[in-house]
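To keep things simple, chains are lettered A, B, C, D and E as they appear, and every chain counts its residues starting from 1.
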């Protein structure tokens, strides 16, 4: 199969390409129906795959064909404004003499790698000289490493939440825990299917590369597994922190309740005795000079008795 | 085996049929005992299968026979009035020259597809020319895609609930969470057994189709897996939101409790001192011109002391 | 091996038997040590199996021997008085020319089937003519179907509980949830090991039957799986309802707390001001004709200020 | 390999032995370094195994060697004083002509079995005549059956806790639930690894026995599985009971809160109105003969209005 | 391959070495880029592995090469100051004639073993004479045993927390539970991947050792499994304790609430009646000598009635 000329027409399309020897790397950013039509005309791709490049309901997968592989990856991208981790799709067609990447431009490391190869002759040589399989490894490796800062941000947030929980009664802690939890859940959902795809990738792209990539992909799989392990741990940690927050809140309710009981125990008896002596009826000791000390004595006896009783019952 | 004539008698039964070449698609909507009896007379189907078309306790499954396959699917259908997702059964008999679908008419995409093939010659050509296996693929693909709007509705509801939880103390949030949770649970239960059945369908219906459907069914399986992944995520999210709601409610209880403590701390001492000075006994400073300022001074000292004490204990 | 004569001696034992051709169905209800001794004398059964028929610590299982199979099943039985689902053991010996069932008489469908075959010649012909494997299928199928009403009762109870939770503050809801949960747990524990046994039964009893029972047992396995799926769903639903109940209770606590705060906010200031004006000391405006309106004005200002403050803090 | 003479020296060691024909059962109770040294001198055992007999960090396991097997079992033992289930280690060396058991004497059924064989000729004949594999089966079978009373005690405790939760506000219920839960957790941890070991034991000791023990060990494995199933169920039940306890406690808090609100609703308005009429300022109706009925009327109107308002809001 | 001379240059690097016969053990503590460069020059190691020795995102793993193995282990290290368990990486290159260990010096048993072999001729003989595989076993065995004191510390902490929960209302219990839980989670995450690596290690290093290490590694795997089982149990126990703490806190809230209700029930009626008799209006019995007993009678009747009513409603 001959690799088609893409010089002029590409200008109008979101299609850019790089070539070294007989190997071409075509980057489509972002793909629309016009681009997939262009691919349909120039490459022997299955219509369902071209549809899949545009669809929102894809899952990471490897589709094997006689002449090419169709790969779908989802990588996490952190949206700084909305403060959530979302997934960004990377579709790849890999053939003997071409690698076609389709994405929305949110995957910075991929954009940067393509730029480097465009500008820098040496970088192009380094990445493209080993066949399309090696470029794919370079892309995936960079995108997997790109997950680490997102992961570190989660660790930082967890530690911050932990401090908030114990040190202070900050207002937004519950919201922070909830958002962090949701973020971890959605991150996990992105990594989960990726593990299987990257894990089974190496033997399938072996035919598209000149060097043995087993060690390289093994290393990448280890990184993905490490990320997965970390997310698993963070999930357990954040669930634990949620429980801890609730336990502390319950404890605080208890503290406040006990304080209210103490206030009631001390102040109500005074009011009661004072009200009794405020009645407009004849009362004992009413006119005596010792009436006030007498009243305070009664009050003190009642308060003392109640405090002693509650203390013995371990309620305050 | 000859395909039986179904022209007249069908009129009285809930049976409609389409034919192209020697292939017939029989649609029974809804099936009753009369229709299964009719099938028993005209096709070599196992009595247990015919029973299964009417039964309510079926599970998605593939039964293999020498001449035909019997398939049971359950697809989710959203009941707008009751606001719950229920399952609707689709039973399929697939033979070399026929496809028989039995359902209650709730599966709109199937009803629509059958109508299209009835009315539109081109559509009939497109769907029926590749053998009964291809029609089956078309039906399943449409029904799986039909799950997506139901899924999107769940996402919308989750986001609404999330906003409700944090922004306002809306009354019905707990009920909303509970219904959403139940809906997700029941949706999951419908998708779960479907994955296995659709996943193992392609090699078994290979003999009933002219084209290679592996890629097509692979795509459908991906969609089902995507739905499953999404439901898994939503389940975790809604459980997290439930926890968040409870944590916020506990926090609010704490806030209100602290406020009550503050009120008690400020108002009770005033009442106490006022009651004491309301006693009908001789009291110090009683007739002095400075008695009122003196009372207010005592009150201010008590309140100040209590606020200081509680603040140091971090209770208010 | 000759089938022993069981006519006279059986009269004294809890042993009844049916015969058709050279096939005998022996029903022992309930089994005691005397009956297992009788079996030991007449059949080549392993002593551990005979012990197992009487033991309470059996698990559903299939024991394979050269001449016979020993099967243990546990089926759920609903105890209406105690309102719990318990398991009832059915032990079966199946040989080439005999089927021996041992149970306590709680499994109504089995008792009924045996009666039918005793009384009705036609029924006996239908059930016994296909060999002991077919009778076994008939028994198991009926007993599995017998689970459905128990399952439906659980669904009804769940719906009732759901209504109770949201509509009213009924007293017994927590107890109802707890009992339902326990019932589902114990039902699940009965079904769980049954799945494996019934699923692997067909190939092992093939030698004891004249017809191919694969489809029949496949259907029964589907029913058991359906029951399992349903119980799994109910378990999740009831756990969700428990959470919902707690969330609603927490909400109600909040409502009541806020109401108490409102009461305190409105009534306490009145008491405070009134107490101050009840003091037996010279007070401003005391003898003025406008003293009462003045007092009410102070009260109104205090209440208004507090309500405004709390409302801004979103506490009431 | 010759079986060593153990007559004299054993006296000083914690070693006892039984012999029948060329088979010896050596019982070491409790094992110390002196006993393992003795074994090291007389038997070809691996040093790690001898260490393992004394170590506290063993796990149930089967170690296969050319001449012998080394087995470690952990059986549950109920400590009546501390009211917890702990594990007690049984180490076994089994060779062609010997069985060596090492334990701390806490496993009563094993101690009893050894005593029986010492005293009673018949019992020794019964247990030792079938080779070391059969003695091992006898020991394990008795020790597994010994778990049942511990299990029954747990069931009794669960039922007691269940009654406590619903019938009364007993003080120690939470502690009881907590201890029961911990007991079940630790019991499960003992049974869990035991299942795998006993399940894979029979084929490995086949060479050390004269009779076919497959059925016997199969029966024992069933018992262990039954115990595991039961513990699984109890774990779910006790977790459910914990939730139920908390729900009931939350409900009770609600009840008490509502009662406080009712008290406040009824008593505070009286105090308020009374305080107002206690003010030392000119008040309307003050000197009228109908002032008291008038005051009560105002109070009744306020209380009635509040009760009606709260009732409509479904708060009381 | 010849083992390189490492005498002089090592002095400046963090590299130490031991030799016995043609076997060299090189210990690098801590590794930096200079040390990995040194290894790259002298050994045929893959660049990715050398990178992995310095990286923080490694996972325990075994990488197989023709001439050597690259192993990564993570062992738990308890940080006494921060009171948390963290993981410390040990990277190992094992070849026919060398063993290279790279670590940060936090793994005390490894540091100690290397020192012993440096100083003590006998110890060097014992550890190095059996080939590099045996040294590796010695290192791993000591490091695994080093986990046990960390585990015991967790057990001690759990028991302390358990006592705190039941005996007293200590302030820091929630924090203690939270930290313990997090510690167990992170310990588990360290042990989890280690199990797989150590479990599959023996057959892979067989070629690097003179003696059969299967029994030895089997023993080590048992220890790791035992640690895992223990951590699993502790995780369940600490979750149970968290629930117990919350249940107890809820109970205490109930107790305090009931106490407040009792106080309100006893004191408020007195205040109410006293306020009524404090009104400046004509009251019945006002001037009677029996007015005070009459007032107390009314109060007693009201309090008695309320206590009786609440007691019947089981609220106090």
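Here is the rule we go by: a contact is a pair of C-beta atoms (placed from the backbone, for glycine too) under 8 Å apart; a residue touches a chain by one contact, two chains touch by 3 or more.
Keep in mind it's a predicted model, so treat the numbers as computed, not measured.
Asker: Looking at the contacts, which chains touch subunit A and subunit D alike?
Answerer: In this structure, the chains that contact subunit D and also subunit A are E.
Asker: Where the contacts of subunit B and subunit C overlap, which chains show up?
Answerer: Expected: no chain.
Asker: Any idea if subunit D and subunit E meet via the same residues, over half in common, or different ones?
Answerer: Different: when the shared numbers are divided by all numbers used, the fraction is under half.
Asker: Between 0 and 180 degrees, and as a multiple of 5, what angle does the rotation take that fits subunit C onto subunit D by Cα atoms?
Answerer: About 70 degrees, rounded to the nearest 5.
Asker: Can you work out the whole-Å distance between the CA centroids of subunit A and subunit E?
Answerer: That pair's centroid distance is 24 Å.
Asker: Taking each chain's centre as the mean position of its Cα atoms, how many Å separate subunit C from subunit E?
Answerer: From the centre of subunit C to the centre of subunit E is 39 Å.
Asker: Considering subunit E alone, which of its residues make contact with at least two other chains?
Answerer: Residues 246, 250, 253, 257, 260, 264, 271, 275, 278-280, 283 of subunit E each touch two or more of the other chains.
Asker: Name the graph shape formed by the protein chains and their touching pairs; answer line, ring, star, complete or other.
Answerer: ring
Asker: Please trace the ring of touching chains beginning with subunit B, moving first to subunit C, and write out the chain order.
Answerer: In ring order, starting at subunit B and going to subunit C first, we get B, C, D, E, A.
Asker: Across the complex, what residues on subunit B touch subunit A?
Answerer: Interface residues on subunit B, with respect to subunit A: 148, 165-166, 215-216, 218-219, 222-223, 225-226, 229, 232-233, 236-237, 240-241, 243-244, 246-248, 250-251, 253-254, 257-258, 260-261, 264-265, 268-269, 271-272, 275-276, 278-284, 306, 310, 313-315.
Asker: Along subunit E, where are the residues that touch subunit A in the complex?
Answerer: 46, 48, 52, 57-59, 61, 63, 169, 174-175, 177-178, 181-182, 185-186, 189, 192-193, 242, 245-246, 249-250, 252-253, 255-257, 259-260, 263-264, 267, 270-271, 274-275, 277-280, 283, 285-287, 289, 291-292, 295
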